[in-house]
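Same chain, two partners: chain A is paired with chain B first, then with chain C.
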Partner chain A sequence: MNEELLHNLADLSKQVWGYIYPNEIEVHWSIMIVLYPYLTGLVAGAFILASLVKVFRVKEVQPAYRLAMLTALSFLLIAPLPLLLHLGHPERNFEILLTPNPSSAMAMFGFVYLWYLMVVLLLEIWFDFRRDLIVWGRAASWPLSWFYRAASLFSNDISDAAVRFDKKAVQVITVIGIPSAFLLHGYVGFIFGSIKANPWWSSVLIPIVFLFSAIVSGISLVLLLYMVITPLRGKSLNMACIDKIASFLFYAVIVDFSLEALDFIHRLYESEESIKILSHMVTGKLFVSLFVMQVLLGMVLPLGMIVLVKTVSCSEDLRKLLYFTSAILIQMGIFATRWNVVIGGQLFSKSFLGLTTYKMEVLGLEGLLVALVVLALPLVVLAILIKLMPPWHDEDEPGPAAAGETPATPAELPAPTASAPAPAPDVA
Partner chain B sequence: MKSLLFRPVPEQITRLSLAFALLASGVFLVRAHAIPQTWLDREYHVKSTLEREANRPRRFAGAQACTECHEDQVKEKAEGNHRTLACETCHGAAGKHVEDPTETKLFAPRLRDYCVLCHAYDPSRPTGFPQINPALHNPLKPCIECHKPHAPVPPETPKECAACHGEIERTKAVSSHAALACTACHDAPDAHKVTPRLVRPTKPQNREFCGKCHGPKSEEKKAPRVDLAAHGERYLCWQCHYPHLPEGK
Partner chain C sequence: MQRRGFLAGLAAFLAPILGLPFRRARADGPPEQAGGAPPHAAGKPAGKPRRFGMAIQVDRCIGCTRCMDACKAENNVPKEPFFFRTWVEQYTIKTDGELVVRSLKTGNGKPSESVPEREIMRSFFVPKLCNQCDHPPCVQVCPVGATFRSPEGVVLVDEERCIGCRYCIQACPYGARYLHPDTKTADKCTFCYHRTTRDLLPACVEVCPTSARIFGDLDNVASPLTRFKRMKKIHTLKPDLNTEPKVLYSDLDGVVR
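Up next is the complex of A and B:
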């Protein structure tokens, strides 16, 4: 033991309360690992919202369907990034895919991810946009025309029959897609829930809680994006659409809230040996992020606002304002949820006798700045996607009346102008 | 209607299958030719990991390594209160020192800040673990001026129970039992303060014990009375009242 080490130890001991094993002082799963379930949750949630439109034929939400799909895609593309940044050797990640290890749940992520990306999301988007891609490809000039052609896999059949087949395919994929989205985020919950040694994580309810919080976050994200992008395009919001999304959001939050409350009560009642240190943590280090941010601001307040909208008849502007605020609060709340799970699970000692402190880096590879960049990236990807593949049909926009129309009805086929990538103002 | 089999395969399916086939064959090609086959071999993985670990430089010498040259300290420690600590806990990794003791000297934690890592007062430490408050306990002087590091004993036997049972003492001090001495309820032989784990004090055994003061025939004026026969039925009093911080409301 040299002096320097000694002083470091003495310094470290200040960020510790009570007794803690030496390897627990530093929190290893950093904010990057908080971002990971947060981002995948948004993907699963946005996709499930989109699926509702297809499977249950919720006509009102049709204007947001394609936006939801592209949102899911752009967040999915970025979702592995925080994991890669967290790896010591990100360049070796492909080894996990080439040499699968089925006995490790964590090593399976690549496969769950690829299944969801290739078999569900890309495929559904491909079928849904195929006709448009062809039409755009014909109208655009080089090099964009090549992009469209490659994206449509050089297909060029836009006959009625082919388009009908596309629609049927979308329907089938959605049916596979819903369980797959459940799998994706259920899997992320499973990663945590299956860790026996950690009482904060180990719970069979965790995958389900994760799933519903994912649905909540995804729906609110699509609502937010729709409410931001539409005015930017100079269009007016389709009130029927956002009313409907908000009411989905409402039910999802209620289920999520009850599940989390159930989990909480269950823990309290079981009162296992860890309960003392956990309640210490919950009422101390996690108080603000759990009770204030997650529960009060992230759930109770938005619930209250939506209940208000549902019971009292409000003007459209007020409704928009309330929806918008609650969607933002919910995003913050779900982020706090992820934070509380990931960071909370590492704050207490497995000896159940002490707590440590998470000190977030600012500049490092796993620091705050990089985290902000990772959070912003999906939006950049989404902006590019929207620019290339505008997810709207202008005939959808004017008002609720046209909302029921599904995109690309065969009748309007030969009219490429309607859905061709519109000139600049169309894009966020 | 034509049966499914005879319909022409839609264009989409052909193209998608082609794309997937390309991708899949790419993966298989890479797996078969571009990566070292040892990656796919589990046994090799385990073996190479073991080799890698075994080849790491050994930094610790182990608990037995010191006997050879430092018999005195080893013997002293084996009989003292630090017998459960490894030498390298305090002196650091000694792998190099064992190989060449004159070349690599070990560090000895002679200052206060090391001992307090284990001995500073912390409520989560088990009952009876020797703890002190570093700010109050003979401040500024190095611990080893008064305690031998290899066989620490208090230079004089502590007089107060609080030296070792600080938390209980502090708890009791704010309770309604504050006026009672520990010895009112525990018969603590003096030897307990010297070898606390070998000689143990008594603990109250039955309800009648508390009844001495709280029963109807008590001579203790301030103690509230309870009906011993009915109150708390057949449970021991301390199943409901923590004796060091009793609450009765």
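Up next is the complex of A and C:
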């Protein structure tokens, strides 16, 4: 018997308000399950930002396109980790793939995840980087050359025709990718929205709210990363690019805010039997994380900042500062959103007569430290990916230091200037 | 043949009139001795699996918590007060209309009053357990099919297969599931499947001193459960969720969820 768990439960039982069913003292879905929709949301959002470049031809965002794709990949690779850490029997996780229950929303996770990873992200990144991988492979020495050759799946053709085909393939995959990104995060929303036993979750709007908050979080993350990484590389920020991203962020936040407000007003107006306990929860235990962090700091304030930039002519530095601050606030706000959905949905009893408390452990598999590690891991993966496959591709920037051998290529048409095998012997 | 039919009909007719003594006999002794056949086995149509169900007569529960103790002992439920396959709730409606609810502690014997006697307008106990829904949300959401319905309609958990994701615990509207701290898998009432498939009564039914709980085959035409269904006004918990519970309550107050 886990003595620590019993001790914690005994502690928690003293903080119960009203009446809860006796099995409900423990909040079963911990910080790890808060991280899961947060991470997948970032994936979907980053991808959708990237697809703006390819499908909707928003040229201004081009400098951040590859960064957005690699960001999506890094976060997607780590997204299942919190789920795994949360399972009572992580060693049985493969059962979800081997014997899935077709009626379970969660069972579809493995398939949606694999589809998105293999068919959308990896494939698109492969086509987009294929030519560069070949070029880098020819220039690099062992073992990196081997890595690049393996990553390019030993393809060797960088003729104009082949590169044109790559470009077309990227376009097609992006078109498939947009609904897939919607599916990925909409489906995560459905995991919660389809639980009829829980009035805080059970809503048709939840998947859509999840989707738009995902778009918001992904865009703001790419904006943040772009604004941090570019100066670190000793380059100056492309203001047209960040203005455009901030502009998209602004509209996404407005849609997200409207949807969440609609959900809230709808609940309040319908005033079903759960309204009393939910009101008690949002004005009590969820007040700070919902009204202060999610709404005020995470939405209203950043919206105000971007409105300020849009209406008053600000200097570049002020714009950068405001964008950066609002992107950080939005990240915090979206994390609070996930927290409020996942933890909030478990604080009230299904008897609608009482509330329990969530006390996050610090150490332990589902504790704060592990959560911070899980949050940091995608950034580590991203750093490695950027090191190996520099996503800088812009015509007005010189080629990245790590792969200086690569000829700078125009943004929209990465056509090789050198004819096929030329660079390799040159550099060698 | 006609005489046998007549006797069966007579027994069914007289049973509600005989009421308590009849059921007591079943609860006290082995079912075979009390009624000739176990209440949920008798009259079983050949080849068709029985459909287990339970009736709870709220007005009979005295809050002695013997069912809770028996369940914990029989099913290896952790004795700490955070894990229950069955529990008893004490409802007190005060004279000013305020509702006070709490769940009873195990092994306490006589329950104490939750509010001063002078302030009590009405008070009653409600035993709770898994409702063994015919349309169970927990089975629907289990990602690996570790929780399933047996041929008798009992919702069971395969602890060899459960991955401990706790989605079923979230999906259960009745709070009837918990994560077993030793096995790290979901756990819940099984209607004492190991007993009831051998024609014994569930532990909680066996020990109930007032026969507040009646167990049997819902499809059997001549069982105490069927008599209950015929004679009582029946209610189920949270019927709006369309879970189709097979735990049926009589004398249930509207405040109970």
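Operating definition for what follows: the second predicted complex is superposed on the first by the 382 of 428 C-alpha atoms of A that agree within 3 Å, B and C clash if a C-alpha of one lies under 4 Å from a C-alpha of the other, contacts with A are read in each partner's own complex, and residues count from 1 in each chain.
In the analysis below, a residue touches a chain if its C-beta (ideal position, glycine included) is under 8 Å from a C-beta of that chain, and two chains touch if they have at least 3 such contacts.
Fair warning: this is a prediction, and the values are worked out from it, not measured in the lab.
Student: With both complexes overlaid on chain A, does A:Arg57 touch chain B (first), chain C (second), both or neither?
Tutor: Touch partners of A:Arg57: none, neither chain B nor chain C.
Student: I'd like to know which partner A:Ile195 touches here: chain B for first, chain C for second, both or neither.
Tutor: A:Ile195 contacts chain C only, not chain B.
Student: Touching A:Lys310 in the superposition: chain B (first), chain C (second), both, neither?
Tutor: Touch status of A:Lys310: no partner.
Student: Look at A:Ala107 in the shared chain and tell me whether it touches chain B only, chain C only, both, or neither; answer first, second, both or neither.
Tutor: It touches chain C, and chain B stays clear.
Student: Quick one: is A:His28 in contact with chain B, with chain C, with both, or with neither? Answer first, second, both or neither.
Tutor: Second partner only, chain C.
Student: Is A:Leu153 contacted by the first partner chain B, the second partner chain C, both or neither?
Tutor: In the superposition, A:Leu153 contacts chain B only.
Student: Is A:Leu123 touching anything from chain B or chain C once the two structures are fitted on A? First, second, both or neither.
Tutor: A:Leu123 sits against chain B, while chain C stays out of touch.
Student: Does chain C touch more residues of chain A than chain B does, or is it the other way round?
Tutor: Touching more residues of chain A than the other partner does is C.
Student: Quick one: is A:Lys276 in contact with chain B, with chain C, with both, or with neither? Answer first, second, both or neither.
Tutor: Neither partner.
Student: Identify the partner contact of A:Thr99: answer first if only chain B is touched, second if only chain C is, both if each is, neither if none is.
Tutor: both
Student: Touching chain B in one complex and chain C in the other: list those residues of chain A.
Tutor: Common to the two interfaces on chain A: residues 1-2, 5-6, 9-10, 13, 19, 95, 99, 353.
Student: For a test of understanding, state which residues of chain C touch chain A in their complex under the given definition.
Tutor: Counting only chain C, the residues touching chain A are 78, 80-84, 87, 89, 99, 101-103, 128, 137, 139-146, 161-167, 169-179, 181-185, 241, 257.
Student: Under the definition above, what is the set of chain B residues touching chain A in their complex?
Tutor: 10-12, 15-16, 18-20, 23, 27, 30-31, 35, 39-40, 90-93, 107, 109, 113-114, 117, 122-125
Student: Over in the complex, which chain A residues touch chain B? Could you list them?
Tutor: So the residues of chain A in touch with chain B come to 1-3, 5-7, 9-10, 13, 18-19, 95, 98-99, 118, 123, 126-127, 130, 153-157, 161-162, 165-166, 169, 353-354.
Student: Enumerate the contact residues on chain A facing chain C in the complex.
Tutor: 1-2, 5-6, 9-10, 13, 19-26, 28-29, 83, 86-90, 92-93, 95-96, 99-101, 103-107, 109, 191, 194-198, 345-346, 349-353
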